[in-house]
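Pasting in a structure now, in structure tokens, and then I'll have a few things to ask.
Note that the chains take the letters A, B, C and D in the order they are written out, and that residue 1 is the start of every chain.
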């Protein structure tokens, strides 16, 4: 609410109770239960869509058709076709789409991207992420659509290549949607990504390993003080003749935990949205970035339905 | 060397240097570089085969043909066919085969099995294990054949059902063999297992999650004092009508870390081998248990070759 | 602000800026910079004094003289004499004093007290607490008066005996006040307490060990999920004859981490204050409890001034 | 046993059983129960005295009188007078005394000393060490004489100043000797040291904090991979006028965990002993270093006897 360069025009929610809460905290705020009122209002430039994923397409399309920039919660849409349509529509109207990949605005992900871009990691080898905890079960989506978008968007932001194929395995213990899932994403140049998402874990884990030829790093998002540790560890392989054709030696050096900026990620993201809307700049977390994540989610669903088969992308 | 009821007759190694080391520690020990001498000796009842996996079949077969009981390092054999032949041969000769699934003799695995068997966990839901660290690269096998036999044998011992299918994904960054791999094993009754093995991790992790309907546990083998933590956590699902057809509630209670017996697992295993040889009892980690692990390794290899496709078992 | 049975009448602060912040959050709130207005107002029953410690006595005295119950931030007063006067004054007027020993209202301290009271720990042997981190330096008090009141009030609440003597050592590296200090408090029956407070530590530690003859526990307040661990560990001593007159054996069993209630401690404390004011009940964290802490702080100051000499109490 | 430049001549122990164990491992070894045989033997150059502390003086004196260099387990002697006599005797005979302060030869302590000597820490401010665990109770000495010599010798090695005074507090719960103790050691220039030793802790802790004006470090000896963490954290104080005469600002930067050499400390120490004996060099852990530790232990005993009073040194 304290983002420079913008003003909250109206808050819309189908629940009267939620609107009452808004009123209590922001007494003068205009509120409504009618989303059409928001999406067609002439005095509104941009709309934030924080609703169940199956409603994203309809709401965003109406907003775009009425000339509004849109900020959409992750995952972007329910299908890649919907995402493609919205991207096309926004393009025609010269409107911005931003998908809420909040983690990209944290100090930790910025630092990791910075290390990768600066070449500090060497060539990337793998990305392996665990995002597990007890609940909360979602009623309308699986654990893949609920938790994996975080990892997929981070992975996409860090690896910066087109993924080639997805394999997903998992299990459904309650209801209709998978509550545990394991995703493998194949990238060019032998870069391998893996994501472990689980709503049924007694412990909370938020850990990502990133392996490179020069350095390896571990990002533990639950560690308050040392979120990222960079290891000067690695493998040096010398080709040699004979039966044992691989001479492998290990490098094991210092560990370094860079200071990570303490930023409020959502505030930073919304400021960036306002900036992009104002300047016409295309955000890096635009509809196309959102589409890449949706394509991987769709592929994961297809793979999971066959209990794990490789689904090519693109 | 201090196992009751047996005596070390001879130590065989192709390396003279290794035998010299034996001599220094055990001055009077008979040693040889000729394995035939051991396998055919009339005064030897049982042979321990601690050699590369591709030699297991030949050595074990010769030993069995010469009337010797065999203790074979994991994995049992290079193929399931070899394992089946050895099992048949041992059966005909009434000889014992024991496969070195050492972890089954640790205090931690015994305690986990005890909890499962006593029904404390409720119905099992999933098994998720990570065994990652830097190196050591093996020259003749992949990370799957090197590290996963530990997890597969533990999982097999704890879940006690016939696995239905295997999916494996992974990557090969150096040489010819995968150095990172992710296995999913499907069991009956919706029990799901997952194994993450990695030779390229900067940190060492040895953690297994076991989820049940009544309790969930985490086994961290690197924790000296509290290897196993049992969580009184879980999910209660009530079916309900309407759009939200699932009412999920969470249970979150005490954590309990049972005392785990501090046993020297290999010593316990070898004592058990001597006991089985003496009494004629079939060890629980016999050739059949070894075969189950080899079948999963074979299926993992086939799945990995297709970058992750489901391979049915049995 | 949401405590049942009371209403906030007025907020007083010497800073206009602070009052503006109050206005923004609570638009209709009556505010003032004049404390006399609050302390003498006829429509006010109770006053919360959240000011520097050297002002507590004057403010609390005026409030009590005007018939108001008082809630005072820790430490209660600058001297034990001031505390005694306030206690006497409140007694004569039949008014309540509550000292803000917030930690006593946390789920962790409640659980520890419960375990001790139920006899689960056996006889207490020692209490050893570390409360260290970087900063924040206080300008008007030492690290002892700033941090140790937490530990002293918890210790007092758990041990429930009259302390006999205090020894304090420490160092002053910047300014006039000690920034590192170590307190030892001797209790009857050989119960020993120790408190390590430090404003100059690179890491934050909030750990208390409590040793008993039956159980020992570790309270790590920074552990989100397992704040308290109870160890079934101990020492059994058998007297024996001869040179080695002590036969010591060790007990090492399970570890148990009881679920700790997630309560907002300050809210619970303020509700209890309203309850005590309403019912006339004497709070357990009354002026007398505050005085016990102030006496230990005074003794610590005297001991520290002599670089560590034993100062008897009571 | 594999130290270059020396040979084990004879092993002496009063226990026949212990000597039998020696025989089993080192079949040809000369053994004896008569220490006089060792201390007076003409073919022996140096003697290692690994016996209860109350026997050190007698044995070391006899060895020195017979022209032998001595390596003595910590603590050096039972009294400072004994230590002074031995030092004088060794000086007259031009013999080496080395006191077994093994920790000084670990990679961790070497790295800490290196950082301090290189000025990386800035000016030292404090040293705070915890060495606590359950048992093992000693029959003939207190926890101070058992555990604190490790910390005192490390502290002495790192701080490299003459300590000025000692304060000790503690408790005796079983038998005659303190099982918990807290030592404060005052150094010149406001450097403060504190040592927490405890035989009655349910958890094992081996942690030392070292604060400097430029950097602060934490040495956790139980951390296998990151024993030392160096924090670019600190306090900058600016003097200013007015009531608040201290402007304190905090520096909080990267954390760095230097690679620590994996050395077998005792082997390194014994090699150094042989080197000193051969070259005539005075070891840094000589009798004088041992004496400094004994003086602090004596002062701690005197302070503890008075429940904590400051005992000047030197």
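In the analysis below, contacts are C-beta pairs under 8 Å (C-beta built on N, C-alpha and C of every residue); 3 or more make two chains touch, one makes a residue touch a chain.
Note that the coordinates shown come from a computational prediction; the quantities given were computed from them, not determined experimentally.
Comparing chain pairs A-C and B-C by the number of C-beta pairs in contact, the larger count belongs to B-C. Taking each chain's centre as the mean of its C-alpha atoms, the one that lies farthest from the centre of chain B is C. Between the Cα centres of chain A and chain C there is a gap of 44 Å. Rounded to a whole number, the gap between the C-alpha centres of chain B and chain C is 53 angstrom. For chain D, the set of residues that touch two or more other chains comprises 203, 225, 252. If touching chains are joined by edges, the resulting network of the protein chains shown connects every chain directly with every other. For chain A in complex with chain D, the residues that touch the partner chain are 225-226, 229, 232, 252-259. Residues 27, 203-204, 225 of chain B are the ones that touch chain D when the two sit in their complex. Listed in rising order, the residues of chain D touching chain C in the complex are 125-126, 128, 132, 134-137, 139, 165, 167, 169-175, 180, 182, 184, 186, 190-192, 194, 196, 198, 200-203, 209, 211, 216-218, 229, 231, 233, 235, 237, 243-246, 248, 250, 252, 303, 306-310.
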